[in-house]
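What follows is chain A paired twice: with chain B in the first complex and chain C in the second.
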Partner chain A sequence: MAFINPKTREVQIKIVYYGPGRGGKTTNLEYIYKKFNERIKTEMVSLKTHGDRTLFFDFLPFDVGRIMGYDIRVQLYTVPGQVKYDSTRKLVLRGVDGIVFVADCMAIVRKKNMLSLKNLYENLSGYNRSIFKIPLVMQYNKIDLADEGIPLLSPQTLDRDLNAQLKAPSFVASAIKGYNVIKTMKKIIMLTMPTIQGQLR
Partner chain B sequence: MAFVVGENQLNEIENTLQKDIIDLGVKCVVLIDMAGNILATRDDGARKHDIYSLAALAAGNFGAVSAMAKIIGEDEFSLLFHKGKSENIHFSKVMDEFLLVTIFSNEVSLGFLRLKVSEAVARISEILSSPVDG
Partner chain C sequence: MTEKNDRDLSVEVGRRLDNLFGDADASGEKAPDADSPQDAGTNYYPLRVVKANILSIDWEITDETIAGLLKQLDLLRKTYRDDKVVQILIQMMISLGKYIKVRKGQANVHSMKVLKSVFAGLEKVAGGGVEDPDRKMEILREKMREFHALQARVAAESGKARSAPDREAAVSALSAEELRQIARYLADDLRRVIREELRLLGEELRRR
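For the complex of A and B:
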């Protein structure tokens, strides 16, 4: 849940990047950090294993400007994608305001995307939140791998697999090259704004 | 959804943090929610910490420790404290949703700090339970 501070005139919003392991969630944040280096005054926090996989979460605070006289501070988090880290995934989801689901386009991980989305649904239910009511953006990542001849799922297939009922805005992306990373982030921020603006009035 | 704490309530919380905690000789105190948002903070002005990252990590750490407690059959651990060479961190839950994080040096005794923190926690709970002012 976002926090509105009328004293410092600041709003804090929590966005979580969710999705299967090795799907590119951390790469999304790393690209944002690199791209907006001058605007982000602090270091990006990454809790990783020795093998460079996310163990707990990555954290990146980000000022996005002012709305109605309030400074909007977005806090970007990732979760560990590996199935075994479910308890930490659940902890990071606490109080979430918006979610980016980073799906992996590679055909061989088709099922993992669906399982991860189901896991998101279940973990949100644990907090009495509905996936249908939380601002959500789908990102179909790794489309750059097409150049290397790796079989990929088409955006239509991914939409059918993951987004048929949710009907969330979706973007194909290449987190490693930065393609559509910022667009995805802007979209999720835009979607989380209306509920908060209503309360600022 | 967003939650708001009234300006008067925030003023009262900050007063409590200043009088009960900072004036003891504590370096920095931050009141956060379990999602990692910062509600209020006070420090002695000597050194600025990256409190946003600290809040995110403290909320995660507290959640992880609570989950560990449940695994071994405890509701929660009553003392959460990290000791360093010269700086220490103390965590205290405020109602179900909030956490008070205190950073202090060895010049402040842990026992005294715990006493003052528990008084401040009682006071903050009272303030947060009262209806939001305009």
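For the complex of A and C:
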């Protein structure tokens, strides 16, 4: 549920990037921050380990502006992908409005994608929320690795593995090159709109 | 809010996002060449080609088969770039492959056996059969022991060749030098890589 402050007439939309470790969740946010920092005028908060892994979460807020009397603010979060940080992932999911599941296209991490999606399902259930009802976008990241000759899974295979029942909108992407990063973000924000409008009514 | 207001809010948010981030296609986001990557298949097994290369070498050592193995190992190194244990095992196989490439039929009789054994370890660690980090380290140590034992044998051969008397020694003088070079190469190269990788592993374990 979006955070709506009727007194200050402020709406906060919380988007969480979820997925297996090393899948490119932080890279999505870094691309948005580096490419559009001049326009969105914000700071990205990132807590990393020495090995450049996300320790707690990354946070990138930005203002969309005042629309129909409400200040619309979007907050992008990532979760740490490593299996051991499950309690942090659960915590970050609290009050989430929309989720981008960043799957890794590399064939060797196929199983990890599926385990991470299962973990998302379980953690949402902990908040009595259904993965089938929450706005969700699938991003199949790292397609640029095919150029290096690394075996990848096709979008069709990933759809079969992860999206057969969910039927969420999906994008192939290369977060490191920025390909489809913005499309993914716009799509998930727009998918949250009906729920937010429902709350505003 | 009325239904019309609902539509207006959606439309307006979409418009603002377009203003902020531009049209995604026009914002410099170029599709990588591999927009629709070829599927690696539902039964994808990244070590299959390496296994085939090793079987070929076991059958006949040629420059072509060894080059094929080294190429595949290099590719595997990129694929598993985040797994330190796998990296060390691959490095051991590369060193062994280079040694066999130089010595061919004269390679130590145990070299193929060690190559196959290190690969068996790699299969367990990278193939998903072993997930426990302690067990992975145990496998790595076992393979390193085998590798060092082979190094010692190659070094001993090199010593023997150096002390071999008379005509036989003269004939094998070049081989002895070659053996010494290979032994040195194996020792230096691998010592450097393993020292560095173990240091990183140690750091990672301390952080946990």
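Basically, the second predicted complex is superposed on the first by the 193 of 201 C-alpha atoms of A that agree within 3 Å, B and C clash if a C-alpha of one lies under 4 Å from a C-alpha of the other, contacts with A are read in each partner's own complex, and residues count from 1 in each chain.
Just so we're on the same page, contacts are C-beta pairs under 8 Å (C-beta built on N, C-alpha and C of every residue); 3 or more make two chains touch, one makes a residue touch a chain.
Note that the structure is predicted; figures quoted are calculated from it, not measured.
Student: First (chain B), second (chain C), both or neither: which does A:D144 touch?
Tutor: second
Student: Name the chain, either chain B or chain C, that contacts more residues of chain A.
Tutor: Partner with more touched residues of chain A: C.
Student: Kindly classify A:E43 by the partners it touches after superposition: chain B alone (first), chain C alone (second), both, or neither?
Tutor: first
Student: Considering only the touch criterion stated at the top, classify A:K183 as touching first (chain B), second (chain C), both, or neither.
Tutor: So A:K183 only meets chain C here.
Student: Contacts for A:I108 in the overlay, against chain B (first) and chain C (second): which applies, first, second, both or neither?
Tutor: Second partner only, chain C.
Student: Take the contacts of chain A with chain B and those with chain C, and give the residues found in both.
Tutor: Residues 196, which sit in both footprints.
Student: Give the list of chain A residues in touch with chain B in this complex.
Tutor: Touching chain B from chain A are residues 1-7, 11-12, 14, 42-43, 45, 47, 56-57, 59, 61, 73, 75, 77, 87-88, 91-92, 94-97, 195-196, 199.
Student: Would you tell me which residues of chain A are touching chain C in their complex?
Tutor: It comes out as residues 22, 32, 35-36, 39-40, 49-51, 62, 64-65, 67-68, 72, 84, 105-108, 110-111, 143-157, 172, 174, 177-183, 185-186, 189-190, 193-194, 196-197, 200-201.
Student: Under the definition above, what is the set of chain C residues touching chain A in their complex?
Tutor: Against chain A, the touching part of chain C is residues 1, 5-6, 8-10, 12-14, 16-18, 20-22, 24, 27-42, 44, 46, 75, 78-80, 82, 126, 128, 203-204, 207-208.
Student: For chain B, which residues count as touching chain A in their complex?
Tutor: 1-7, 10-11, 33-39, 50, 52-53, 56-57, 59-60, 63-64, 67
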